[in-house]
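Shared chain: chain A. Partners: chain B in the first complex, chain C in the second.
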Partner chain A sequence: MLGLTNKVGKFYVYTSTLISAFVVFLIFIILLINSWEAISTIGLDLISLSWNPAKGEFGIISMLYGTFVVTFIALVIAIPLGTFTAIFTSEILASKYRFVVKSTLELLAGIPSIIYGLIGIAFLSIWFQDLFDLQSGRTLFTAGILLSVMILPTIITLTDDAFHNIPEKYRETAKGLGLYNSEIIKEVLVPIAKADIKSAILLAFGRALGETMAVMLVVGSIDRLPSPVLNWLSPGQTITSKLGREIAETSFRSVHFSAMIFMGLLLFSIVLFLTILAQNSSKKTERLYE
Partner chain B sequence: MKNAYTLLTFLVCIIITSCDKKQAINIAGSTTVLPIISVAAEEFRKSNPKLNIIVNEGGSGVGVNQLGEGKLDIGMVSRDITSDEIAEYPEINFKPISIGKDAVVPVISSEIYNTGITSLTLDEIAKIYRGEIQNWKELGGPDKEILVIDKEASRGTRHVFMEIVFGNKNAEANGADLVLGSNNEEQTAIVQSDAAIGMLSNAWLNDDVKGLSIKMDTGEIIEPSIKNIINNKFPITRDLLIVTNGSPKGSVKAFIDYLLSDEGQKIVEDSGYVRINQ
Partner chain C sequence: MNRQLKNKLFTYATWIAVVLSTTILFFLFGVILWNGLPAIDLNFLTQASSNFGASGGIIYQIAGSVLMVLFSALICLPIAIGTAIFKSEYLISKKLHAIINTLIYSLNGIPSVIFGIFGLILFVNILGMGISWIVGSIILAMMILPTVTLSTYHSINSIPTIYRESSLALGLTKWQVIRKVLLPQGFSGAITGLLIGVARAIGETAPIMFIATAFSGVAFPSSFSEPVSTLPTHILALAQQATNPDALQNAWGSSLMLVTLVVLFSISALIFRLKHQTISKR
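Here is the complex of A and B:
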């Protein structure tokens, strides 16, 4: 009887895993099949600047550029902010407050992205408009700032856990050697937690790439590179905002639809690549603690 | 095990209740037609409580596409259906019915309007959208750069606007700074700016979003008033359409008849548009 239950349990666990893996595989295949028409008919012209479906032009460079700029801004802000907050909550803050502070920060992750978008439209974009004396506050920069707040909890929580998982004995030994608290964090704990911090950042990167709603509302949605190209205080477009705005307007199986799906495939591939990277980086570094 | 039974019973209950499917009319499309339909749907349901009417937005392009794909019973469209769209769905017999009339009005921020720019020629508007005029100064206004707001390519308001202003409904607007979607979104952006120009349905004008009068070649200045829409004087007018696949039947027909009835047309008027047979 026990053997049977064991077998059934094993079967159940295996199938669950297989189904999840299969769904990912299926999504990839569907994206590939549906974007094939764009790849075969448009080909290298996909990598151009002009997007105009009425003329049959489907250049995705400005969307790709917008996606990377917005994600870059978000990460540049959120990485230092997030890791330092995590160091504070796990190493400096008294442990009885840790739970309260951490769960409050985690609440940030629970706020629906449309709410972030509305805050972005109603306040953030207006503030930036006045602050930088812009024509419009709907810019790549605004979207990046908004996104940095949205990915902050991912970085904080995972980094905090990384620090918290380090056994007490490392801290005690370091203290026994007469190190200051700052030295313990810098020389002992950060090197140990490094691999986990790296995966936290990659996970946040993936989330930033894929965020749609909030970005769509504040980014300005114009398919054009800023001029000059590094002027991030001008409107732009990301892949997700483009998809969000335009996918429903395209007819199924048209080249237009296919080109949109191609952008989805690109996004999927980037995230997939990052995930594999994150997996490998945490596998390679041997953990110092058991 | 007890938990599993509770869960199972729960699931069965859900399945049974969802099997009792209510009759529903699915509607989506233009945000210009939306205010009429959502009010009308609510009123219509008062006398037909068994009938569900599901109304979504998305733009005229969404209305046509989803009707073409068989996801909708009624598509809301605030422009003509293009020949491309008809060719795209050969098996669909698009049947448009006009339920009201509207004007697409070039709108500007009240800050600019109050400095005295209250009318422009179609040519001036085209130049702004092409990027040839970039500052309100050039039009006799304050020294402020123009924030040019465009709309998503398949939106009905854009098609109608571009058709009249550029002579081509798919015209590119190289001077555009932002591309937005629904009437709501456009309205918000114009309110938030003090130097914006955009395009809106007549019903969405207010104290912060001022409609420009059009200066005709003859020198006549025509303001976007209900009167000028009725007598076709305002140059950018359009019919508000609802589109079905083939002739409407059953509850869909009943709903459309309601929209065309005196009561339904009253809603059209209350929403800020013009009734059909006037």
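Here is the complex of A and C:
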């Protein structure tokens, strides 16, 4: 009897692990199978400019472009802002306030993205519309700014951890050598925390690429490249906003559906690559001497 | 440029960043409270919505959200505990450990909209389950699985080896050790993880909007295969008619309610974690 429960227990444990491990593969396989139709019938024409399902044109360039522009704007703003804020919370702010700062940041990171979207629609897009005198404030730029605000808490809290994990001894020694605060941070702390900061940025990058609701509401949802191409104050489309807006209206197993799933597969692969890169980057941190 | 000047400039740069970040963060909280509070009263919380959400309340949206995350927690819990036990007690090979870790972190990183289209293809279309709230629960369970697994794993793994050795020496089988000694401890980790996971799941829109929800005319479901209405999808529908001030007002009210639920779950997780610290830390 005891041997039996032992076996049943083992069976349960193995099965659950198999299920957990299998989910990622299952998602990948399902996406791959369902995008196969598009890959085989459209082929290289997927990498073209025009998206027009009625004419059978499924070019994903403008969605890819939108995704990367929006993410680029978000990172360019959030990385410096987040890193400097993290330096403040970890190195300058007295440690008794740390708990408050950390909890606030965690709360912010927990605000659902749909609420960021609502804020974007109700405030941000209207501000930009007036500020830049646009026809509509829903642009790639608006989405990028909103996204930078969304990933800011993630970057701050992870970078703050990276600095905070460095033993006090390093700071004391550097101070003993007569270095200024800025020099300690730049020459001693940043090189040590670099791997962790890198993984924080990669994680934020992945999150920004995959963010859907907020971007979908403010990006403008027009499937073409802005003209001129670098005019980011014009409406665009990202992979996620395209999927969010259109997938429910597309009939299952059509080429159109398949082309959409292909974009999903692409996004999935990029984000997976970044996640694995981030995980390996933080692992390589060398042992610190206490 | 001398060193002192550089130091000063650096300090200024830091302060500018802090002031900017703090302003942004307080603006966010301020906006949600400022716009949300006037929209909320007892009627709003206890009535059904009408007129496409522009009037009436959000009782069915709250019920739908809570129902969906409750079931996702129930689906997720046994699988997460099993995986955590395997990782902590059965798995010896370091390589396999790294592979499973990578898979768990990958699952955690998958964009939420991908879960949505995956659910749409597999459950709604291939398995023919239709647009129903139980599909939403299954998908949300997948999304929070990594969080719950890792939290459970850490609390089981932090139990000192001496507990396992003493119980084995008393003649307990491996499974008895797990059930009587390790699981009572691990369970608190699982609950903490679940609360954190649920706090995330309840705010998700993208994974459930094509597969589990309908906007209007939905009451409390009487079977597994009906769509429900949830707070995030309700906010989405209202946000798209943002030119109507009544709809916008209700969107803010629903947002404040949603944030309140998220904060409630997060704070319970925090309290639970502080109360049930593992043996090794006592």
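Heads up, the rule we're going with is that the second predicted complex is superposed on the first by the 260 of 290 C-alpha atoms of A that agree within 3 Å, B and C clash if a C-alpha of one lies under 4 Å from a C-alpha of the other, contacts with A are read in each partner's own complex, and residues count from 1 in each chain.
Note that in this section a contact is a pair of C-beta atoms (placed from the backbone, for glycine too) under 8 Å apart; a residue touches a chain by one contact, two chains touch by 3 or more.
Note that this is a predicted model, so its numbers are computed, not measured.
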Inset, instruction - Could you tell me if A:Val76 is touching chain B, chain C, both of them or neither one (first, second, both, neither)? - result: neither
Legend entry - Contacts of A:Val229 with chain B and chain C, given as first, second, both or neither: neither
Inset, instruction - Look at A:Ala248 in the shared chain and tell me whether it touches chain B only, chain C only, both, or neither; answer first, second, both or neither. - result: both
Inset, instruction - Using the touch definition from the top, say if A:Leu177 reaches chain B (first), chain C (second), both or neither. - result: neither
Legend entry - Which superposed partner A:Ala54 touches (first chain B, second chain C, both, neither): first
Inset, instruction - Identify the partner contact of A:Thr104: answer first if only chain B is touched, second if only chain C is, both if each is, neither if none is. - result: second
Inset, instruction - Go through the superposed model and pick first if A:Leu131 touches only chain B, second if only chain C, both, or neither. - result: neither
Inset, instruction - Scan A:Gly220 for contacts with chain B and chain C and give back first, second, both or neither. - result: first
Inset, instruction - Considering only the touch criterion stated at the top, classify A:Ile121 as touching first (chain B), second (chain C), both, or neither. - result: both
Inset, instruction - Going by the touch definition up top, name the partner, chain B or chain C, that contacts more of chain A. - result: C
Legend entry - Residues of chain A at both interfaces, chain B in one complex, chain C in the other: 121, 248, 252
Inset, instruction - In the complex, go through chain B and note every residue touching chain A. - result: 58-59, 61-62, 65-66, 68-69, 85, 88-89, 145, 147, 150, 152-154, 170, 172, 176-181, 188-189, 192-193, 195-196
Inset, instruction - Sort out for me which residues of chain A touch chain C in the complex. - result: 2-3, 5-6, 8-10, 12-17, 19-21, 23-24, 26-27, 30-31, 34, 80-85, 87-88, 92, 103-108, 110-115, 117-119, 121-123, 149, 152-153, 156, 180-183, 185-186, 203, 206, 209-213, 217, 240, 243-244, 247-248, 252, 260-261, 264, 267-268, 271-272, 274-276, 279
Inset, instruction - Spell out the residues on chain C that touch chain A in their complex, using ranges where they run on. - result: 3-4, 6-7, 9-11, 13-18, 20-21, 24-25, 28-29, 31-32, 35, 78-83, 85-87, 89-90, 100-118, 120-122, 125, 142, 145, 149, 173-176, 178-179, 199-200, 202-206, 209-210, 232, 235-236, 239-240, 242, 248, 251-252, 255, 258-259, 262-263, 266, 270
Inset, instruction - Please give the residue numbers of chain A that touch chain B in the complex, ascending. - result: 52-55, 121, 125-126, 129, 135-138, 220-223, 235, 237, 245-246, 248-252, 254
